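Below, each structure is written out as structure tokens.
Two complexes follow with chain A in common, the first pairing it with chain B and the second with chain C.
Entry: the complex of A and B
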């Protein structure tokens, strides 16, 4: 008998039917992966089934927990299930943990709201849980706040909350999406280990077939609120029956990049950007140490490293948003960033160096229409004629392969991929020679990632612009970048042609990063799959 | 930490000095001929001049400021000078007493009034604001909004008089003497009488503030309730009451604390209307009386008292906010 199953589940938000009748189930000790793009209804169906959606959502169908119908149960009864019977792990552990409560309190509460225990017992059980999820020195971490922990540690805390009462089912909603590749691998291992030890049923939601490839027993592929394909994992990965599953498989980088960027030795050309012996520290904590590299004309240079390795600091220094403590940075032989205080980039250099940030939700002003956002660069740098402005903005939108009707919309009316295209359009508006792209696809679905990456490659070919492409994900880097720099703790540990670094990594750290790419146990399916998406 | 603390102290002191100098000059401009206001009504020019000379009011302004700040002539044996210990805020010509003593005598009334009202309005506003947020859009939300806006829009002089009329006058007519009409009994003398005498003024002040704060609590709560960590709490099986009061309210409190501090300070600076209606002899009434009578040392003194109240409460709010912020822990 299934631990948890839904049958003909439908979820509606106002006039929007988010889930249109889905059925799936999971048994003890098994892992069900639900895969689909954002908006496919995968989270909505699980949250709806467990009563965690706001009251404005209406949920219909059947939800069985150990054979008992739980849909429509009063709040009080549902509350008794959540925690002791069903544990939850959500996507972003920072926003999902209470910022003003210590992690010890938050884990302890998961126990004390369901069981009467003394403070001392609670304290001990929390310490045991912290130890169980692999947090070193639990006693010292007990009274830390979430902001004191790294992303991976926070997600371990979330998992500790989920397993606190040893539930029979854990629902993990994109639990590794916001994390570094290496941390993701560790969290996946942890979930798998806990599941094996406790015989828990696991429902794992993800947008990426590669992430779930090592742990899924069964896979449900969802799209537009419907189940597209539902099969044991082997069938999904080896014998996908639906086109959409093939498309998802095509976008998933199982165990490494599908293909490498076409090798062109762009470095040989005159270097565009020259970074010499740059160092930066914040409050006597060194972040970067003796970093030197160059970027050639029309070259895409990948910069890879984990959170805290200093890669975003390099991006900020090159973009002229910060100054180094030592060393210098020059563009076309012109120094512009030296040690010292104050001073933004001179106007002409600002035009030449543009930035695309990670979060397309945060980097666009939510109250301004796309047309106004895209007109800004031209207005700031001199164009005032209305008709001319409109033409230029339209051209930009065409350049990033969006339709003209987005101009009238607000950022909130666009999808994540569309927003990131707008951010890219804003960056290329003034025909810069270099764009610093800081994790530009990390917040996007895997299928959208593939599309944005191809857009960047085409823009490079068309406009001859160079990119510094910052990412924690080697898979993305491999498909796009000509060369790659590997950064560890503020120091460059490896530089080289992308394919060479991937196939013959020289440094142990690089090898560790490569080994963390999910899906290595599932060799990429047959080559023609790529044509579906790369055609 | 020490550096931070000393910079805060320095900033507070410089604010006070600026307030003092500004109020000193304003009284100089407002009261052209203080000696004439102080002298008896039918005084001759000579006796007015004599008053001016005795109080050194004929000296140039910088000397007068010097006397005020450091050491002026002792008046009736009372020293003058802020930098002196204990600091003396001058001498009231009308009341024939040192201003410091006058303020210290009235401060407990004002403080009791302000802090009591704060406790009442915060308690009611938080509970009703949380209720309005929890049942957003339902009948109770609309009812609470109605009362909030009524309370907000009725001016204190009206609500004070209505409260006095119904809860004192009409009740007394029925033979029920729950609330006295006016007066003040110190807390140390008789806590029950203290509360009885202050109940109506507290209610008057609280009515206006509850409206404002209930709306703020509601808005702040609704904002926080959309956050992911609220869903986490529910996913843990935390009961709804605890989700609202322990999880959501904890995050929603910062803007409410900030405004609460400012409103508290404003009332300490003088809840003049309320003090007048209920015959409370507080700092606000004294300030108004002094301003009308030209008793400028009292005017300056009460201004400094109000400014200190502002500085102290904002400082306290800052400290609480910092203490709540995990960035400053560990």
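Entry: the complex of A and C
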């Protein structure tokens, strides 16, 4: 009998049918992965099934927990279920942990809410749990606050809370999406180990088939509120039946990049940007130390590293949004960034270096229409004629493969991928020679990622613009970049041609990064899969 | 970081809607607090506008005394009658008409004072937040100093200075009251605006504008101002009732709006001073309830506006 199953589940928010009749189930000791893009209804169906949606949402269908119908149970009864029977792990551990309580208290609360327990017993249980989720020196960590912990440690604390009462089912909703690749690998290992030790049923929600490939026993692929395909993991990965599953598989980089950027003639590219011995520290904490590299004309240089490695700081220094403490940066032989204070870039250089930011939701002014946003660069640099402006903006929109009707819309009326295209359009408006792209695809769905990456490669070919492509995702770097720089704790540990670095990594850190890429155990089965998305 | 939107709220955002203005109004109207507040504020506005009409219909001017009809043989004011719907005050004046005119005074003082404070405070806060560093430190200190003055004492001293040799005010007292209230509330707007700007000036949105070479003025005008104004407007509605009460306080203490001109503050003061409200409760209840209703109305409205406009408080 299934530990947890939903049958013909429908979830509606106002006039929007988010989930339209979904059925799945999970048994003890098994892992069910639910995979789909944002808006596919994967989170809504689980939240709806466990009564965690606001009252304005209507949920219909059957939800069985150990054979007992739980849909429509009063809140009191559901609360008794959540915790002892069903544990939850969500995406962002920072916003789900109380900032003013110690982690020991928060884990202890998960126990004492449901059980009468003495203070001493509770303390011991919490220490055991911290140990269980792999936090070193639990005694010392007990009275730490969430802000003292790294992202991975916070997620371990969330998992400790979820397993505190040894529930029969754990629901993990994108638990590793906000984490670095090495941390992600460790968290996946942890979930798997805990599941094996306790025989827990696990429902794992993700947008990426690669992430769940090592952990899933069964996979449900969802799209637009419906189940597209539901099968054992082996079938999904080796013998996908639906086109959409193939498309997702095509976009997922199982075990590394599917293909490498075509090698270009290295002799032909002259150096464009030169970074010499740059160092930067914040409040006497060194972030970058003696960083030197060059970017050639029309070259895409990848910069990879984990959070805190200083990769975004390099981007900001090059973009002239910050100044180094030591060293200098020059573009086409002109020094423009040295230690000092005040504005960095003179007018003509300002045009030459543009930026695409990570979060397209934050980098576009929510109160201006796309047309106004895209006209800005031209207006600032002297175009006043209305008709001419409109032509230029239309051309930009065409360049980034959007239709003209987006011009009338506000950023909130666009999807994430469309927004990032608008941000890219703004960056190429002034025909820069270098674009700093700081994690430009990491906020996007995996299928959208592939499209935006191809767009960037095409823009490079068409406009001859160079990119500094900053990412924590090795798969994306491998597919797009000519060369790659690996950054660890503010220092460059490896530089080289992308394919060479990926296939013959020289530094131990690079090897560790590469080993953490999810999906190593399931190499892409068929080459023809790639044709679906790259054809 | 894909799929960061977890909450299904994103699904119910209407997609293809023509004008964001209409959409906003619809969202506002769906909020019960906004509806209730708007109705109460509407009633207050209507009352203020209808003052001359009611005055004409009843034939009672706001400062006219009807010693014959409105006072009984003992010289005490009469209670509510058909002719005097809320009764009369100690000088035989119509309480209803005076309360309605009082609404005019309250709004004529409160609205300009709050608006001036908003404009000055927002401008100063923008400068302070945007040009951080020394400018910011100096302005923040000035804000702290401004906030440390005790309101009533300072206001009393300033109003006392406004007396010429003959005891007549040099500047119209209404102007002085507006100035004083504005002086005492700009600092709150400045603090609010400073905080909002500090958050925005390092946002990707502003940095994106900087990288295309936008000037400071352009960034402030297009990126920062439109994004902080909703919050500032909400705060305007929060501050307005406080300022209406401030005017009533000053008038109550006898230094604001001068008798015989009616203001809720000086009406309440008069009722209290003469103890005539024990005979004629509406003498006190009329202006008192009107003040209460106005404050409740604006507070409800501002709470509702905040629910809708403040992105941090948006509910599922």
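Throughout what follows, the second predicted complex is superposed on the first by the 528 of 535 C-alpha atoms of A that agree within 3 Å, B and C clash if a C-alpha of one lies under 4 Å from a C-alpha of the other, contacts with A are read in each partner's own complex, and residues count from 1 in each chain.
The working rule: a contact is a pair of C-beta atoms (placed from the backbone, for glycine too) under 8 Å apart; a residue touches a chain by one contact, two chains touch by 3 or more.
All figures in this text were calculated on a predicted structure; none of them were measured in a lab.
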{"item": "Overlay on chain A: chain C relative to chain B, clash or fit", "value": "clash"}
{"item": "Which superposed partner A:114 touches (first chain B, second chain C, both, neither)", "value": "first"}
{"item": "First, second, both or neither for A:145, with chain B first and chain C second", "value": "first"}
{"item": "First, second, both or neither for A:484, with chain B first and chain C second", "value": "neither"}
{"item": "First, second, both or neither for A:90, with chain B first and chain C second", "value": "both"}
{"item": "Which of chain B and chain C A:353 touches, first, second, both or neither", "value": "second"}
{"item": "Residues of chain A touched, compared between chain B and chain C (which is higher)", "value": "C"}
{"item": "Residues of chain A that lie at the interface with chain B and also at the interface with chain C", "value": "47, 90, 92"}
{"item": "Chain B partner contacts - residues on chain A that touch it in the complex", "value": "47, 50, 52, 75, 79-84, 87-88, 90, 92, 95-101, 109-110, 113-114, 143-148, 158, 161"}
{"item": "Interfacial residue positions of chain C with respect to chain A in the complex", "value": "1-6, 8-13, 15-17, 20, 203-205, 207-215, 218, 222-223, 226-227, 315-316"}
{"item": "Interfacial residue positions of chain B with respect to chain A in the complex", "value": "227-229, 231-240, 242, 247, 250-251, 324, 326-327, 329-330"}
{"item": "Residues of chain A defined as touching chain C within the complex", "value": "11, 13-16, 18, 37-39, 43-44, 47, 53-54, 56-57, 90-92, 173-174, 177-178, 207-208, 319-321, 347, 350-351, 353-355, 357-359, 362-368, 372, 376-377, 380-381, 410, 412-413, 423, 426-427, 429-430, 439, 442-446, 449"}
